[in-house]
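In the two assemblies presented below, chain A is common to both, partnered first by chain B and then by chain C.
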Partner chain A sequence: MKISEGLRLIRGDWVGFLGLCLFLCFLGVSILGIFLTGGPNPTLDPRKVRLHEKLKPPMAKASSETLAKEHLPFGRFILGTDDLGRDVFARMLQGAYVSMSVGFVSVGISVLIGIIIGGISGYYGDRNIGLINLIAILLLAVGFILISTSQITLGLFLFLVAALFLIFRKTKRLSQIEIGFIDVDSFIMRIVDIMLCFPSFFLILTVVAIVPPSIYNIMIVIGLTSWMGTARFVRAEFLALRELDFVKAAKLLGLSDMKIIFVHMLPNAIGPVLVSATLGVASAILVEAGLSFLGLGVPPPHATWGNILADGKNYLFDAPWLTFIPGFSIMLVVLSFNLFGETLRDVVNPKLNA
Partner chain B sequence: MFKFISKNLYHRTITLFFVSIVSFLVIYLAPGKPTQVDPLNPKFTPELVERMRKEFNLDKPIYIQYLVFYKDLFSGKLRSWKDNQSVMKKIKDRFLNSLPLFILGTLITWTISFPIGIYSAIKRGGFVDKTVSFLSYFFISIPGFFFAYILIVFVVKVFEVPVIGMNTFGLEETNAFTRFMDRVWHLVIPSFLGATGGIAILSRYVRSQMLEVLQNEYIRTAWAKGLAPDEVYYRHALRNALLPFITMFGMIIPGLVGGSVIIESIFSWPGLGRLAYEAIMARDYPVVLTLNFISACLVLLGTFLSDILYLFADPRIRL
Partner chain C sequence: MKGLLDIKSLSIGLASERVRERPFVVRDLNLKISKAESVCLVGESGCGKSVTAISIMGLLPKGLTILNGQIFFEETDLLSLGEKELRRIRGSEISMIFQEPMSSLNPVLTIGQQLKEVFLAHRDGEDTFGKREIEDRCVELLKDVGLPHPKEQLKAYPHMLSGGQRQRVMIAMAMALSPKLIIADEPTTALDVTVQLQILRLLKRLQKAKECSLLFITHDLSLVPHVGDRIYVMYKGRIMEEGPSKDVVLNPFHPYTKALLSAIVDPESPKAQRLAFFKESPRLNLNTLNHTFEKKGCGCGYAERCLSVQSKCWESEPELLDLLDLKGRRVRCWLYAV
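This part shows the complex of A and B:
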């Protein structure tokens, strides 16, 4: 489907269009946030503590004139200050891109895993598991576990060996040894079932609590615990696509499996994945806010909307703007993602735009 | 029938076995040791750490630890590392606290979202449908704890009732009615809060199911026969639209443990979710692992129940 046609469909649905506009605004704000608050010497410093200016309401004038000119727009705290006198406007700007990157990176990880696992399951589903592949995958898993338990050299070595083997192997002879009692699809779906047995927020909470607090760990954990939906979508699509003529034609032309999967099949299966990714970003931002509330979110000095909100709730009566500004911002952004995602679902649905 | 059930149970048992391994590995392979929780405490001498490691089998190889853990779990001898209480007893106490919250929340969710969903599907595009859609997106998108704080401030200011905890301290001397109302207020607000998200999602789902069913040929036939609208909607459409909710019904059971962490933390409600959070923060692994295992069991139980219910509810499935 062409992009212009998609735009036309979105424009027909004003709710989805509103979602898209809000989403673009958010994107603009977060890019602005990188430029204004990033770097060693930012224009607006979200980290600067001014204890004599703490809990100022929005639009309050800064008391010291020299300081105001240097670091504040119009010499005012546009959104007030928090309990340490930090400028909430600067923190919200920084939080925009940090929250955004948490959402996007974690969803990126989960979509990547989901596509690979769902793709393998849907494409090679009816074959038996090759012993050598099973061993390679086990090596991958062991390597990953070793990396996460800080035995990085050995873990990385195993991980790379297994990954390189899986990508570049040429021998057909080794792949002949198969394990007969279970096929690839059932095997992978069993793994998905096992993962689905854990209640997701509880699992995220457990893992986040035991790994060292860092923004990357939170992204990785959210990503690693939310790929199951994508994997199921991709598998279902691939099972249907596998039987179609263009895939058979591609096989007859002698294209490699990788090329068939990624170049020919994936673009036809990407619709539902995009929808679930859009909704996934929304839920990742909410999960991060929930983790921040429990004191396990992105650690300082990074400001996210979640931890501004979580810090602000202690001053609910004295400084309500500390709660309401990030709260409603999160709500608006998540709302825009949800609305856009729902509209996207209608747009990519071939039944509706035939 | 019997074959189906036994095969289903067999698959679930295998899944449960792997779940037990994975949840054990997640906890034990993560960096940080339970003996390092309080390294600055002067009472925490190396000898004490060594004794603790011996006491809780932490010096044994990992597969022994795994076996010992699950042996203790099933024989009920498992003890918390934090206070040496029986894990099962702790969980039972907290479970009884969580249960009313869970039951009331589920009742609110299901009784409200079905009429709303059905009505907005029937009057598609009408004022009610649009308002409900907007409100559902609002409730799906708002961070739960932010909404909770708005709600608490509102309730406390307007109705002047206390809501934090399970009951108000110091009301033991008053009459039964006051105590009862106190308990009710403490229960209703968290349940309502827990239900809002569920209502938003479930009513959207009911609506889309109903819309899908209403497009079928047999609904057109029903209209063509000249049946009354109520007859078409509730006898022909609703019955078929209800089928997928058997799955949903199976999926709410695991919410008992995992779904309530944030809400119970906000309201200081001494329930399972709060226990999970406290145990995670204290690295009380036996409690965390047991809760993990129980919730996995609940997930498997829920999906098993919904499979069985499908057998009875859907005449198209014949074994």
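This part shows the complex of A and C:
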């Protein structure tokens, strides 16, 4: 489908279009924020402490001595200042990038894992588990644990062994051995069930307490703990799709399994996945905000919407803008993304836009 | 006459141990297709036609297994090949056309994308195509199957085409790499009668032009004279009669073939007479069905519905007998046993 055609369709649905515009605004702001607040001598300094200017309301004029030392837009604090006199506008700009990137990267990770695991489970579901594959999975898991506990050489070695197992399984007699009492689908879905047993926020809390806090770790942890929904969606779609004639036809034309899964089946299953992904972006932003709120997220002095919110809670009655501004921004991003996601689902479905 | 496809005593049964007692899905089937020949496989629903076709492609569903037999395709036994070798053969050497053109094209990919897939999947061969070349070939193919505006249609999604047009696209995909054998599994069942004939003629024309063999599976004997050189009539997983299609249709021997032919709507004959073969089979009740299942393997499968049944029919099953005076015709019935 051409991009121009897609845009035309999105414009036809004004709610979705509004969502897209709003979302693009936030994206622009967050990229702008990197340039305005980054570097050694930023235009808008989010770290600058001005104790004499603390808890100024939005649009308050800065005092003359502050203005003499630094440049502020319109000579005002557009979104006020916090309890240390830091400019909330600058902090919001800096935090926008963190919140958006956490949202997208972690959802990207979780969708990727979800699609692969759900796809395997749905497509190969009724086969028995090969002993070789099981060993390879166990090796990979142990290797991953070793790497994350910084025993990198041993972990990489296990990864290598697992890869060798998978490469040479065709030639070995061992690959004939199958474990009969449980098939691939049940095995994977029970793992998903186990993952779902843990309340995800507490799982994240536990992991964050072990690994050092940084933006990247947060992204990875959120991604690794939220793929189960996507996996279930993809599996359910694949179970229905694999019985359809066009999948059989693709097999009969001699296409490889990978091609059938990713070229033929995935585009048919992507609709609900996209919607759940847009919801996922929203919830990832909220989780990051929640972690920062608890002081386990991105470490200070780096601002995120979550820790601005957290810092502001002590001054809820004296300086309500400290909680309202980040809270409202989070709501707008989440809302715009949900609206856009809903429209996107219809646009990518060729059957609906004949 | 050298065979392109040679199925030798193929038996397909249910995989599970517990249901081994049930009859075979396909039992001891022999089928031969020579080069550039078109062969019809005819029978009612559930008689094992489609399962036979799928087993040639090596894509039997999980519940079914091949119990014995060989399927030779140009000297290689398809049943002994691994998944990788089979994948190479599928699409490029043997291809298949399905019954339902509505569901056998991917709804989210354009016709062009799906056609190109076929070329891309078999790129490892000696004739590799460039991107431009593939596109030209696709247009050429769509022109061959008689789609109007082939260039524009490449960008169309399946839902924009009618059933007949989709079936033409399916035929184009099946023909893309000039396979040696095309299996058409009831390709016209979902289409209306006028389109049916067009599609049949198209298939026949392309088959003649490209000199490939055709295995045409149908339950509709009236189509057979349009398509097949030879015909196999199947019932309960057994070949009941075989021979040159014109001879069989004009002069059927087996009672089942006669019954099938009588089911063709012929406005000239009175309705009662048409249905007589099926309606008045007196033994068709549960008791006789159980009776034959119990004594599986002995007795003719068609006995319980046969109008000219003899006591011999219940006791043992006849071989597929050569009819000496008529070349190429064989029939499995005690009526013609010497």
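Keep in mind that, in the parts below, the second predicted complex is superposed on the first by the 287 of 354 C-alpha atoms of A that agree within 3 Å, B and C clash if a C-alpha of one lies under 4 Å from a C-alpha of the other, contacts with A are read in each partner's own complex, and residues count from 1 in each chain.
Everything that follows uses one rule, which is that contacts are C-beta pairs under 8 Å (C-beta built on N, C-alpha and C of every residue); 3 or more make two chains touch, one makes a residue touch a chain.
Model, not experiment: these values are computed from the prediction.
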item: Fit-or-clash call for chain B and chain C when the two complexes are aligned on chain A; value: fit
item: Broader residue contact with chain A after superposition on the shared chain, chain B or chain C; value: B
item: Where the C-alpha centre of chain A sits as vertex, the angle toward chain B and chain C in the overlay (nearest 10 degrees); value: 100
item: Partner chain in contact with A:K61 - chain B first, chain C second, else both or neither; value: neither
item: Partner chain in contact with A:A209 - chain B first, chain C second, else both or neither; value: first
item: Partner chain in contact with A:G254 - chain B first, chain C second, else both or neither; value: second
item: Minimum distance between Cα atoms of chain B and chain C in the superposition (Å); value: 21
item: Overlap of chain C and chain B interfaces on chain A (superposed complexes); value: none
item: Touch list for chain A against partner chain B, complex; value: 145, 148-150, 190, 193-194, 196-203, 205-207, 209-212, 282, 286, 289-290, 293-294, 306, 309-310, 313, 316, 323, 327, 330-332, 334-335, 338-339
item: Footprint of chain A on chain B - complex, ascending; value: 14-16, 18-19, 22-23, 25-27, 29-32, 137-138, 140-146, 149-150, 153, 254-255, 257-259, 261-262, 265, 276-277, 280-281, 283, 288, 291-292, 295-296, 299-300
item: Complex contacts: residues of chain A adjacent to chain C; value: 126, 244-246, 248-256, 259, 263-264, 267-268, 349-351, 354
item: Touching residues on chain C, where the partner in the complex is chain A; value: 57, 59, 62, 87-92, 95-96, 98, 100, 103-109, 117-118, 121-122, 157, 159-160, 170, 173
